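The next part holds the structures, each set out as structure tokens.
Two complexes come next, and they have one chain in common, chain A, joined by chain B in the first and chain C in the second.
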Partner chain A sequence: MKKTNRLFTVLIFIFLYIPMAVLIVGSFNTGKNLAVFEGFTLNQYRELFRDQDLLALLGNSLLIAILSTAIATAFGTLSAVGIYRMKPKLRKAVMSLTNIPMTNPDIVTGISLSLLFVFIGTGLLGQRQSLNFWTLLLAHITFNLPYVILNVMPKLQQMNPALQDAAMDLGCTPLQSFFKVTIHEIMPGIISGAIMAFTMSLDDFVISYFVTGSQFVTLPVKIYSFTKKPIHPKIYAMFTLLFLLIFVLMVTMNLLQLRGEKQKAEKRAKDESKAMRTFKRVAAAACAFILLLGSVLLIATTRQDKVTLNVMNWGQNIADGSDGTMDLIAAFEEAYPYIDVNYSEYASNEELYSKLSGGGLVVDLIIPSDYMIARMISEDMLLPLDFENIPNYENVIETYKNQAYDPENKYSVPYTWGTVGIIYNSKYVDEADVTGWELLWNEKYKGQILMFDNSRDAFGVAQYMLGLDVNTTDKAELQKCADVLSEQRPLVQQYVMDQVYSKMEEGNAWIAPYYAGDAMMMMENNEDLRFYLPEDQAFNLFIDAMCIPACCQEKEAAELFINFMCDPEISGANMDYICYGSPIAGADAYMEDYLAESEIIYPPEEILKRGQSYGFLPEEITRYVENLFLQVRLN
Partner chain B sequence: MEFDGERILDGINLYFNDHEFLTLLGPSGCGKTTTLRIIGGFLTPTSGRVLFDGKCINDVPPYERQINTVFQRYALFPHLNVYDNIAFGLKVAKLPKDEIHTRVQEMLEIVGLQGFENRRIDKLSGGQQQRVAIARALVNRPKVLLLDEPLAALDLRLRKDMQNELKRIQQAMGITFIYVTHDQEEALSMSDTVVVMDKGRIQQIGKPEDIYNEPKNAFVADFIGESNILDGVMNADYKVKFFGRTFRCLDAGFQPNEPVDVVIRPEDIDFVDPEAGHLTGTVTSVTFKGLNYDIIVDFKGFKWLIQTTDHQPVGATVGIRLNPEDIHVMHKSEYSGLFGDYSSYSAEYDELTEDADDEEE
Partner chain C sequence: MKKNKSILLSTPYILWMLIFTLIPLGVVGYYALTDPETGVFTWGNIRDLWLFAPTLGISVWYSLVSALICLLLGYPVAYYIAHRGATAQKILYMLVMLPMCMSFLLRTLAWVGLLETNGIINQFLNALGIRSLNMIGTPGAVILGMVYNYLPYMILPLYAIIVKIDSRLIEAAEDLGCTPVQVFSRVVLPLSMPGILSGITMVFVPAVSTFYISQKLGGTDTMLIGDVIERQFKSAGNPNLGAALSLVLMLLVFVCTGIMNRFGSDEEGGVVV
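Right after this comes the complex of A and B.
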């Protein structure tokens, strides 16, 4: 019996800690693949400490965790004392109320806090950007408070109430008696509460995601946006360090509790109290230092002698200096030293739309696709551009001007154009099956097919296959598309956007409809991948264009950015990285030859003729399509 | 004083003299701890005033009163050692370090704990903790020291030692002690003045001897020691009638033929031959108590407790004589008829009252 017990314990521990072990081993691996250990290296750690951006993010997370823990611990302890002094019935009621937020799903807490902050900030105070560092801090304090109270309360209840009387009897005011006596009695509770709050704050993603703006992002929130490319091993190194940090904290906490329970020999107690005193002094100094550092950092980051330009772009949609490309943001900042670019990402047009319409954000420049631009124009979400600030507009090839989504070309300047086709893995997919969109409905590849996770592209695929108009407003036709998509549903492994990269590159899925430029990038990482535009069928020809949303605060800087991007040399350098077609005349001269000559990026004229663009759909139809797609996905 | 509308203390009127050892004595829930907490400043009376040196201190918080307390279960600070516990009040008062040191050393000497300065509180015995608690209070040189059942948690032997110790310290330092206990023996042996309380009222105030010998009513007579209490009638001064006989007594000043309670202490009764006795009865139970026997004798259906060194077997017929000084006469009170009947006497009687400890609040 004992043996089986022990066996189960061991099994449970293996089950719990194997994932961490894999990660830790991976952080010392020379290769990128977690499955094969190619050799021991500390390079990942070196790279981690060289990556200023990542360290800054980690700094953000630690800053929020430390500040929110300090504040929540102070307030939580005081609240616990207050609740403790209440009459028993009221105390019970209040305690259950403070416990509810802990059991509340994070997503509910996150969204409700976000709504509240936007309501107060934008609704009542008229701020344009109501989600920022302070809302994030407030949110963390909010969800940390109950943990502190929960840990401190039992210590108060265990305390002999006569101790406070005794302190007052010996001349302490109530406040002095708290600091001279009570706080010592409840210290183990305060410490374990603080450690718990710290760990909760450090690893929170869901709530942070909803309550932070684009200027101040914590590590977990940022990591979520890394899904496009396989995660870089230096992240493993960072996770290993974080895991160790929390592990050490938890062990300390348990040791502290253990010590509280154990009685120690007299001499040791004496030494300890001396050590404890030194420890307290050091801890106090460290706290003061961290607070000071924090405030200095804050002041430094909030000082506004520079203009901040908030650019929101698709994931991996601008050359960033990796793989020998040009770092365009750095180049722009060099050209305009008084402008700081704050860059953030979205995964789909729909996500961008919901972020902007949710309010509370300041975004100065966005790069949505054609149909979304039409929708935003119709909903007054875009500002007309001042073309005097964009002299390079004359470089834009005429074909890409005055498109259906923006007929008078008042709101947008094209950024890239491209096609939507099918990317497949030639190792698994029979060339004979590669004909048209039907490949995505082929039963042979059940469970290996990926599909668009946005309604417009998903319905587009169905419409092109059925030979229907992609801009139709006929509900019967749309219903037919929905039926076809429902038929496809059992074959689909997953509905994806950016995750398509890792799935396809690692061979975990074989077939996916996606954008040509992204397909090129994937093909660079896996030579078995192929891309094609369906024969004899229509396909999507899209344009992504730069626009200025209504919430913009730095319109002139945004227009400078647009102008910068319309420079042939810049646009060409950009295409080297993102692998799309450039709408700028002369850009191909600055692109690498294999790209400029690629048929994937620049398909021959006779194929290109079959391309169709998404146009404007009335609000009602957009909603109708979104609902149909939701039903397809849910059934 | 009222709690939640319930009257806890009623009509308390007490004077404390300087350098006095005064004891509040009473059963659980009689209001003695409440009285102490009012004096200490932890409770504010709903009506009435607390005067200190002639000044009303109702609104003075505990930390500004020249009064210190030894709490029921000591309430020593677990995070501090012996020295720091004792020095606590002096440090709060921000006295110079040298003075703190001398005064703490002085107190350690008084309570006999030299060499224990660095000992942790949870490494001390009950008696040592008790001494630390006393030292911690006295080191502040209060004018009044309040002691709330300070010996209740100690075993019998240690309790006796500490009683002597406390008395010695009180005399040595010349401080007024206000002492709360439910143990009548402790009260009688230590106090200058005993205040007997019950149901939130003072039943009697007096010197220990007076309280014992001249209890004012049946409650006091029963609570302080053992008493046989009988219904009687005061025929005239110095003449009281009970059990159909008139006895000579030392009491006077009653109305003619006033109904009274007659107290006869069990140890004051001596056996005589049945023929020579004022009364004759039958022994129904005998318990050996060490110093004496507790003998229950049935007199005409009324059972008396008699404490004597003469052994009598169960069933024996005995006679007793009562001398005038053995008889104490009291006015009738609300307690008449409730006490002093040993019909349901059992040997565990003593322990029962003592175990009914005292969680007063």
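Right after this comes the complex of A and C.
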């Protein structure tokens, strides 16, 4: 019986630690895929320490965790003393208030705080950036407070009240008696509360995810946005180092505590506080260490006073210096040293729209697609551009000017154009099946098909297959599309956006509709992948264009950025990485030949003729489609 | 004098909690009852809620199953730890806590690498000559993710209770002629009830509201209520419906924990008698 129980416990510990072992092994892997060990390397660690942005994110997390823990500990301890002295009835009421954030699901706490901050900040005070560092700090203090109180309260109740009276009898003021007597008695509670608060705060994702703005982001929130794509192994290296750090910290704390307890047992009556003192010293050393680490990281990453330009772009949609391409953001910052670009990403037009319409953000430049630009113009979400600041606009090819989504070309400057087709794995998919959009409904490939996880593109695929108008406002037609999508659902492995990369590159799914340029990038990482535009059927032809949203605060800097991107050399260098068509005249001269000549990026004219663009849909129809899509996903 | 002090010390806290926990819930209620386009009062969001009843049902079902599996896996482990020497207890306790301090996003991602069609487990099976299993995207994978992530939340409270059980009670039961099974079912199990209930609550609440686990490990049939809520805020642009759904989720959790507490106090009463 005992032996089986031991074996069982060992198995459970293996279960708990296997995923961590996978990550640690992954940090020494030369390849990106966790499931394939290609060779041993320490490069990921080198990369990690070279990545200033990643270290800055860790610094952000530590800063928030340290500040919120310090404030919550001090505030919580004093409050606990106050609550302890309350009448029992009132105390019960206050304690149930304390329990609300503990029992409430994190997602509800996060949402309620974010709605509050936006409601007060944007709604009542008219502030643009209502979600920022301070709201994040307030949220963390709020969910840390109960941990401190719930740890300190029992210690207060265990304390002998006569002690305090004795101190006062001996001439202490109430304040002195608190600092000389009470605080020592409740110290273990304060310390364990603080440790709990610190770890909760450091690893919090859900609440931070809803409360954070675009300018101050913590590590877990960033990791969430990373994980939509194949994640860079340097993240695993960071995980390994953090794991070691926490492991060592925990072991030393435990050892010293144990030793302290032994001493305590030895000279019990004589020197009871000695163990406590050792424990406190350890705790202080640990705190000092963490503080030091935090401040070093902060100093290493503080930026000087510069204009901050907040650019929000699609995932993997700008050349970033990897694979021998040009790092365009660095190049821009070099050209305009007083501008500091704060770059963040979104995975779909709808996500961008939600971020902007949710309020609480400052964003200076966005790159939405055609139909979303039309929607944003109609809702006054964009500012007209000052073309005086964008002389390079003359480089834009005439075909891409004055498009239907922005007829007078007042709000947008094209960034890329491209098509939507199907990417498939030729190792598994029979060439004979490669005809049109029907491939996505082919029973043979059940469970290996991926589908768009955004309503407009998913309905677009259905509309093109059925030969319907993509810009229809006819609800019966839309219902028909929803039916077709529901029929497809049993065949679909997963609805994805950026996740398509890892799924297709690692051969874990075989067929997916996606944007041509992204397909090119995937094909570079897996030579079995192919891309095609359906024969005899329409497909989406889109333009992504740079716009300035109404919440912009650095309009001139944003216009400089737009101008920079319209330079043929820059645009060409950008296309080398993102693999789309450039709307800038002369850009192909700067592109790699195989890209400039690729029929995927620049399809022949007769095929391009079948392309159709998404146009503007009224608000009511957009919402109707969104609801239909949700029903498809749910039923 | 004393009373004044206590008010002085606790008033800021009460105010803080009112502003940052109760009022935000009021704001959620306000959003739930207004129209996303016009901002006027409406019952529309509440009326739409029935559409999500099946999703809510799935979420509750998955998290209950996870909580039960956690209990079955966690109880023997907690029992084992509680019956070691002081040093071993400390070390084992620490080893249970350690995973909780590491990024749960990355640990879940490691499961994706393990469970994928071409993942580590299937490669291992293929090497043994066994055909690949289809694991990712199934309800099983989502439940596995929940069990894995929240198992420590079950073990820790169970351990805290079991370690406090007076060994003399067990000896007494043995002396009075109980078989080991009877000792367990009549003494140990009833005494560990508070730990079981708080463990179940601590697993159930985060599991029922998760969206990350189902997004990464789930497939097309495993969309949970957390996913729907996250989607309303982060991509569908309908925070009002999202707010209404969060209210439902919150109510559900409060009812469940309320029932648990009721159970808990009854059981305690029973033990005392």
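Operating definition for what follows: the second predicted complex is superposed on the first by the 557 of 635 C-alpha atoms of A that agree within 3 Å, B and C clash if a C-alpha of one lies under 4 Å from a C-alpha of the other, contacts with A are read in each partner's own complex, and residues count from 1 in each chain.
The working rule: a contact is a pair of C-beta atoms (placed from the backbone, for glycine too) under 8 Å apart; a residue touches a chain by one contact, two chains touch by 3 or more.
What you are looking at is a predicted structure, and each value in this text was computed from that prediction instead of being measured.
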| item | value |
| --- | --- |
| Touched partner set for A:75, first chain B, second chain C, both or neither | second |
| Partner chain(s) touched by A:8 [first = chain B, second = chain C, both, neither] | second |
| Which superposed partner A:119 touches (first chain B, second chain C, both, neither) | second |
| Which superposed partner A:16 touches (first chain B, second chain C, both, neither) | second |
| Touching partner for A:184 - first (chain B), second (chain C), both, neither | first |
| Which of chain B and chain C A:176 touches, first, second, both or neither | first |
| Chain B versus chain C as contact partner of A:165, first or second or both or neither | first |
| First (chain B), second (chain C), both or neither touched by A:138 | second |
| Dominant contact partner of chain A by residue count, chain C or chain B | C |
| Interfacial residue positions of chain B with respect to chain A in the complex | 40-42, 61-63, 67-69, 71-73, 75-79, 81, 88-89, 92-93, 118-120, 122-123, 136-137, 140 |
| List of chain A residues in touch with chain C within their complex | 1, 5-6, 8-9, 12-13, 15-20, 22-23, 26, 33-35, 75-76, 78-79, 81-86, 94, 97-98, 100-101, 103-109, 111-116, 119, 138-139, 142, 145, 174, 199, 202-203, 205-206, 210, 219-220, 223-224, 227, 231, 235-236, 239, 242-243, 246-247, 250-251, 254, 257-258, 348, 350-351, 353-355, 357-358, 447, 454-455, 489-490, 492-495, 506-509, 619, 623, 626, 630-631, 633-635 |
| Chain C - residues contacting chain A, complex | 2-3, 5-14, 16-18, 20-25, 27-28, 30-31, 36-37, 51-52, 54-55, 73-74, 76-77, 79-81, 86-87, 90-92, 94-114, 116-120, 123, 134, 136-137, 148, 151-152, 180, 201, 205-206, 208-209, 211-212, 216, 218-220, 223, 226, 228-231, 233-239, 242-243, 246, 249-250, 253-254, 257 |
| Residue ranges of chain A touching chain B (in the complex, touch as defined) | 160, 162-163, 165-173, 176, 180-181, 184-185, 263, 266, 269-270, 273 |
